[in-house]
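In structure tokens below, several structures.
In the two complexes that follow, subunit A is the common piece, with subunit B as its partner first and subunit C second.
After this line comes the complex of A and B, so read on.
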């Protein structure tokens, strides 16, 4: 006997997908992109391209870059110092951003704040988030001039927008019953926040903050190159765009990679320590 | 004079649906009163009106000589220090220790700064330990609350209410999530609060037998109206049926 509600594909086999509109839209979008990509490749200007030579040259360049890395224009000490500057930029933007964001997020969380205040903050940070960090840096560069100040303010701006969203969503996850119990004791808003909300969410807040730090590190590298913020990003820009020194580009890439790996390890450790069960 | 007096209370969350209709009752100091009724009857809402966790639409609630509906923000905080509250799901801060959770009951007496800094006097801390000892969980004082069993967490909840030095304790289904043994422990403690400390208890329950065993007086609520109010021995089978609706009671013995 046929059970009601079974959905079948055209060939009669039972389907387990809900077959929603969103799903169909997603599949068709991917298909269209695939077709466009193929058409794009067919339309390239291939004249003057000697495929064999091009491939071997690319291979050669990659080999020079990554198998024979070397520093020519500055020393090891200088390299470490420059990486330090980049990490510093990221750190400053993240810490300042985190402190400001905590307060804004408390007022953006619907369970802790007034509906209107929360809405205004949300819309405000959504707008800030919609503009890429690089653009904010360039906007602030109008006032502060290109350099590390503009870079930090721009990164700070975007970090705040990102963290306010993340933090406020974390705050909203706090059990309503816990807040109610504290309110019923006669606690005021600050008591509830400091002794109910923050302790319940601290580990999540730290995770988000560290995640943002990782993002800010890569942004700081890019800002060094694009906005003259200094640090290893600027050296990378000089090595590639100014000196055409493939070996140095390779070396700097490795240095950035090492820092990224270290950050990743620390973040995993933090997670294991504070979320032991997961 | 009665400790608590509810006069003509109406409450609705949405304009088209009344949750409580014309509720009138008085409670004296040292009484142990159970409120029973099917789920959705409005028991939780009634408790929350008393310490103004929700606003009432009509009627008056008098606590001592205070009109609960007319208090300023500051006076409301002060009122709440006089009314402890205990919940079905304990509602502790799970990541903090037992002793920290108990001391949360003192925030109502603190200024903003004292509270933020978590400044508690030695006397308050000693009182907290005394209560934990009394409730039989002082050896868990430095454990995180999420490591405790349900019955133990509920005792932390009781300690948090008692350290407020309240005149009235509101209990919203305090044993609904507990096994029979822990339930008995909790109910015995609540009973002791009234008999030893002369603190009034107003307890929402859905176990009729527990209500009859423990309370001096029972209020029966059905669809937002009081359908029974009297000493527990007056609660006959017929009256229980009128509170819960006849059919359901015959199949499910609570």
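After this line comes the complex of A and C, so read on.
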């Protein structure tokens, strides 16, 4: 019996790769990205750049920053207080975001809500996420004045967008049987949520919230620097942009690094414990 | 027994709640955040946004220059992501437990990634601004360093997860390191790696705005310029153009993900 489906190359060798749509798309995606990168480098505005000098200068700057860190414009106590402000901003945005997101996520989860409401919330969240956090903060700052309120509201928007997505996916994984059993007992929607959905997903919800807290910390640093929200980010901006004090920049960077690494270690542990498959 | 358990859990939950409320209270004092003020200004702020941030006919004349800057930002993000992906691929191969050459290199790769990831992009932008000055390369480099940190971490995780058994199988046949990577690791991980690269591009376009504000490059600079001169109609136009770009890129990458995964 002759096998008809063997594809051969022109010289008679059997082709071993089948070539599917997915593969073609992957290759073309990579090609397009490579081409766009090259075009990008050609189009960049290199005005006022002396590459060699810049690289050696950066090397020197990094050396000063990381090997001789020191505080000059404020004390250690002040530094810790500023880090505290940044952590506080991140914490408030996360906690308030989590509370609002739980309600929104309940309506966004397809198994607890109707399709139409869920779709509206998802579109709403996608639009919110498309605006960068810093723009939210600056836009709110016009109306509410620069300060922690504008920063927290701006950060809240993205926290909500992130958490609603995460929470609603968690809710959708609740066993349909549990919901059905509760429904059969005559429980109303609120009972189902309070006694069936929330208790069985609480640990996941808390892990996601912590992961967002980790993200919010670096966002809070950024908002301090770019949107005048205060905290260690603002000090970093002042040290590098106004005082040109590299040693202080180094010290502040170390302070941020320490907090960020502690948060990362905790969140990695949480991830390995509660999301082993990911 | 069960009753005691439930009561214990309730207690734990109550204590947790009290700690959370205390921490919220402490944070709002330290950050000088007034929840009431926040809530009351919120509708006013929304009203202000809808009444002041309108795109008028006159602002549309600025559109070409805005699009020009937007394009620069998009190219910056893509270039930063792809070049970072190439470096991260090597670091990922070095760092992953299945493909590492030795333990020291693996730790080195993980350490590099951790440092570049945990120092925020803002800090990199400000540090680089000092010597590179105000041009595209500064923004590019800041995004590049941040992307390496993130991509290396996810590449290591992807390689660890996907290719354990096939790497073992190929090693048993006596394949060289290069053959193992080329024939087992890359084909198996490629869809996930591309998916992460697309995610990074989306993220980078958003961070590029932030980096742009700090380093005076790309769309962030345009935004900052009109924001500071209080020309809010143009600010609205800039914001809308960013939103549309981000959504288009998200839809595109969702489509690609759907086909390849």
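Convention: the second predicted complex is superposed on the first by the 215 of 278 C-alpha atoms of A that agree within 3 Å, B and C clash if a C-alpha of one lies under 4 Å from a C-alpha of the other, contacts with A are read in each partner's own complex, and residues count from 1 in each chain.
Just so it is clear, contacts are C-beta pairs under 8 Å (C-beta built on N, C-alpha and C of every residue); 3 or more make two chains touch, one makes a residue touch a chain.
Note that the coordinates shown come from a computational prediction; the quantities given were computed from them, not determined experimentally.
Residue contacts after overlaying the shared chain place A:256 against subunit C, while subunit B stays out of touching range.
In the superposition on chain A, A:57 contacts subunit C only, with no contact to subunit B.
Within the superposed three-chain model, A:213 lies out of touch with both subunit B and subunit C [touch as defined at top]. In the superposition on chain A, A:65 contacts subunit C only, with no contact to subunit B.
Counting residues of subunit A touched by each partner, subunit B versus subunit C, the larger count belongs to C.
Of the two partner chains placed by superposition, A:162 touches none, neither subunit B nor subunit C. Of the two partner chains placed by the overlay, neither subunit B nor subunit C lies in contact with A:234. With the contact threshold set out at the top, not one residue of subunit A is in contact with subunit B in one structure and with subunit C in the other. Those residues of subunit C whose C-beta lies close enough to touch subunit A in the complex are 20, 23-24, 26-28, 30-34, 37-38, 41-42, 44-45, 48-49, 53, 71-72, 75-76, 78-79, 81-83, 114-115, 117-123, 126-137, 140, 190-191, 194, 197-198, 206-207, 209-210, 213-214, 217, 220, 223, 227, 232, 235, 239, 242-243, 246-247, 250, 256, 259-260. Those residues of subunit A whose C-beta lies close enough to touch subunit C in the complex are 21-22, 25-26, 29-30, 33-34, 36-37, 39-41, 43-49, 53-54, 57-58, 61-62, 65, 81, 84-85, 87-89, 91-92, 95, 126-127, 129-135, 138-140, 142-144, 147-149, 152-153, 218, 221-222, 225-226, 230-231, 233, 236-237, 240-241, 244, 246, 249, 252-253, 256-257, 260-261, 264. Across the interface of their complex, subunit A is touched by residues 51, 53, 77-81, 83-85, 87, 89, 91-96, 100, 104-110, 112, 115-116, 118, 157, 160, 164 of subunit B.
Contact residues on subunit A toward subunit B in their complex (touch as defined above): 175, 177-178, 180-188, 190-191, 194-196, 199-200, 202.
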